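Quick heads-up: structures coming right below.
Paired with chain B in one complex and with chain C in the other, chain A is shared by the two complexes that follow.
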Partner chain A sequence: MANLTNREMPEGFVEIQMALLDAIERADRTSAQAMLRTWAAAHGPERLLAEVIEPVLAWIGEGWRRHESFTIAQGYIAAKVIEDALDQIITPSQLRSSENATGRPAVIGNIEGDFHSLGRRMVGIFLRANGWNVHDLGNDVPGSLFVETALQTGARVIGVSAMTLTTAHEIRKLRSEIDNRKLAGRLKLAVGGAVFVVCPDIVDQVGGDGTAASALHAPRLFDVLWEASVSAARPAGLSAAQGVLL
Partner chain B sequence: MNGMERIMGTVAGQALDRRAVAPVLSLYGARLTDCPLELYYNDTAAYVRGQAAIRSTFDPDALFAPFALASIGAAFGSELQYFADQAPNIKRPAIRSAQDWDHITMPDPDTHPRLLYFREAIRQMAAEHRGEVPIVGVMPAPTDLPALIMGLEAWLETMLFDPSRAREIMAVTTPFFVELANDFFADGATVIASPCAFVSPVFVTRETVVSLSRPALETALSQLNGPLMLHHGGATISAHLDLLTGLPSVIALALDQKDDLATARAILGPDLVLFGGPAGPTLNRLTAEEVQSVCLSMLVDRSDDTRFILYSCGPDIPWDTPVENIAALCRSTLLPEGRPRCGAPVHV
Partner chain C sequence: MRVVIVSSMLHMRPDRLAAQLHSLVSRERRDGRRVVLAFGDCCSAMSSLENLGGVTRTSGTNCCEILLGRDIYRRLSHQGAFFICPEWAVRWRTMFETELGLDTKVAKAFMQELHRKIVYLDTGVVPEPTAAVNDCADYCGLPVERLPVSLDTLHSAIEDAISRLTPAGVQA
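Up next is the complex of A and B:
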């Protein structure tokens, strides 16, 4: 694995953050869980996300962007360690009161006909770690269900995943659903999946408002799209080429 | 020279009349014959007709047996989803986690209908084209097969967090891989192309390759009765190429479009055949002129490389790719500047 801990650490990185990076590098979920539990007991679980997990994720995400040697395995290990913490250390009420909890709802799912859940699940975990209230609709989700769920939950961002070119084109139906219901200003569409890495130009073709370089970058993309939704309705004629590429 | 002579000449490092070209056109045969894909991926005769159309239309130097990895997963009980314009995919894996692995029954290549479809396609294609064009059998590497049975996430989780269980599982998939691959050879496959994503730095770490993927490949490939082309599986493999040298039975590596060909050659040495080319999934969005230009620049770059074959990286060339784009890819090998400058003179 690319050596995380031998890289130059960001200024201010503390021992627990270094140790968590090391545990992720070694794929050692047990040690990671134990050290996070100990830290949470001493400092408060509600501080865990903002003071430990989020800085570590930001560091890994930046490394992913800069170093092609970074692997899905590394991202996946990080996701599982974070998921363990979210499920077993931090209670839902503590999560809501944590410093970085926005409580913003987000809807994610794989588009109709797509069954490749890995990336979507990682996005969901990283969104939760960044304080989002995630509504994961799973695989094979029709466009209408994305929109209905977003309206019911108050979500302003829909994250839709597709692995292949064929299933990516199904996202157009979701785009049409949003546009036909005149929700383009309110609902922003984040798209992702392997095919968008190979063919970034299809973000525009399928009507995406933005995409991210990896699952780790999804929270930043969702933040940007949320703000775009709040600040202004999507102007008529704004092409997705003017959308966000993180 | 015909396709068989050109491919074998490349393997032997001999001079060629032109560079060999082998775009991945398993799917595209259905488009040329206007065949519904559920029929195409279940009916041997329909598939073989499609590949005959590929040969008559493009005259490539190799023909692919069904590139339908999910169908092999279906032989283990995974549920398939068919599409109107792409190969089938796994809708629901046979099991959900490594804990359920003991419930899996190995399908018999001699009797299971899904596996017989592959075998019969190879037999018929070999009979129809034998001696003129190589038949490439396609099957997932033993490292990747479990992902088609339990799903990508469950398999990745097992490899990363429970390596001993991963070894146990690959100890089961390896004999299956060996048996089916050797059946493919007996049926007439010239070479097996084996997508192997679980050696890629995009998917797994160097440690995982060293401790799990490579040992499994060594065990499996040492038992093959024929040559194998290790396929990048849809992700770049450059950063791990040094871990893939010296694997038994491997005569070729099919690289991702992001892999640098010169770097790969430097790492792998002169003896392995390298497959390189544009990304298959992008060919439907380029013009024929652009396709030819991209291919030609690669051919010029590789003009001194004795063992290079032009192909299309990644999965199948998309359904909606214009015929003239594929023709442009193939035609680029006919252009004078695309010809190899290496090897002994050809005497026809």
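Up next is the complex of A and C:
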């Protein structure tokens, strides 16, 4: 298993952050949950995301970006630690009051024919941690359902996942659905999955508006695409961002 | 027809799988032979390989879909199936623990979140490694189903791929 802690720590990393990183490295969800609960009781759950979880995830995310070796288990545990905190420690009102909470709706799902749900689930968790109101449509989702749900929920960003090139090409149908309904300015398409990490060129081929290096970087991508959508809706001069790679 | 078998463990290292397939395909084409890749969409190099003249690939995203056909694969996937094939079954512990970094506690949570059952695809070609299949299911905390699978669908997929073969040197 990759050693997450055997590196120079960022300046200012404190004991709780080191301990959380260590628990994730050991894939020890129970210890992570217990230490976060104790810390939240002493310092307040409102501070948990900003002062403990986010710095640790940022550190892990940088490692992902640098293509360091992380196991599936470590990625899974990192996501579950956040999910545990969101479900059991931080209340919805505390989450809404945190400084990065947006309450913006987002629609995510695996494209038609794709059943590799781990990455999508992790994206959903990291979006929630950043205050997004996530509508997760699950696996094998037809393009029309993505668009209908986005329109019903007020989402401006659709996040679609595909693991392989074959299923990634199915995203073209979703792109066509958006374009044919003349929603290209309004609805932005974030694409992700293993194939996009290996071959970023495929983002353009399938009509994606942007992709992210990992699930951890998805919230930033969604922020950028949301702003692009809002800009596109403005009367003049502000163009939408295209081909975002975060 | 010559059959060349590539280690299935290379699926865990897609870049190495791509390199080996490139090497094999290059050699075969250099010798004037055409190539059917009996593979799913197993690495990012597949599309460039199958677009070479005299090279084609079986249709399907992975070997389970190629064995079962799209409809059955899709129906079982919707039921939460985690498919295991004979060769994979005997290596399950290496896959989970060494490759994915899981232990039994994390594996149970991980697998039960993503899947509802393990489906062993019994092609009848080799005896089922029953103990390994049961151990894997216990490790994941999931029920196991045995599904007898005819080789007819795989045969059709290979025949279809052969029918799409272009002459060597002609782009697909």
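Methods note: the second predicted complex is superposed on the first by the 232 of 246 C-alpha atoms of A that agree within 3 Å, B and C clash if a C-alpha of one lies under 4 Å from a C-alpha of the other, contacts with A are read in each partner's own complex, and residues count from 1 in each chain.
The rule is simple: a residue touches a chain if its C-beta (ideal position, glycine included) is under 8 Å from a C-beta of that chain, and two chains touch if they have at least 3 such contacts.
None of the values given here were measured: they were computed from a predicted structure.
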{"item": "Simultaneous placement of chain C and chain B on chain A, clash or fit", "value": "clash"}
{"item": "Which of chain B and chain C A:Thr166 touches, first, second, both or neither", "value": "both"}
{"item": "Touched partner set for A:Asp201, first chain B, second chain C, both or neither", "value": "first"}
{"item": "Touched partner set for A:Ala27, first chain B, second chain C, both or neither", "value": "both"}
{"item": "Which of chain B and chain C A:Gln74 touches, first, second, both or neither", "value": "both"}
{"item": "Chain B and chain C contact sites that coincide on chain A, given as residue numbers", "value": "1-2, 27, 29, 71-74, 76-77, 80, 113, 115, 117-118, 121, 140, 164-166, 195, 198-199"}
{"item": "Touching residues on chain B, where the partner in the complex is chain A", "value": "81, 83, 85-86, 89-92, 151-153, 156-157, 159-161, 201-208, 234, 236, 239, 279, 281-282, 284-285, 314-315, 318-319"}
{"item": "Chain A-facing residues of chain C, complex", "value": "14, 40-41, 44, 46-47, 60-62, 74, 77-78, 100-103, 106, 109-110, 113-114"}
{"item": "List of chain A residues in touch with chain C within their complex", "value": "1-2, 27, 29, 71-74, 76-77, 80, 113, 115, 117-118, 121, 139-140, 164-167, 195, 198-199"}
{"item": "Residues of chain A touching chain B in the complex", "value": "1-2, 27, 29, 68-69, 71-74, 76-77, 80, 113, 115-118, 121, 140, 164-166, 194-195, 198-199, 201"}
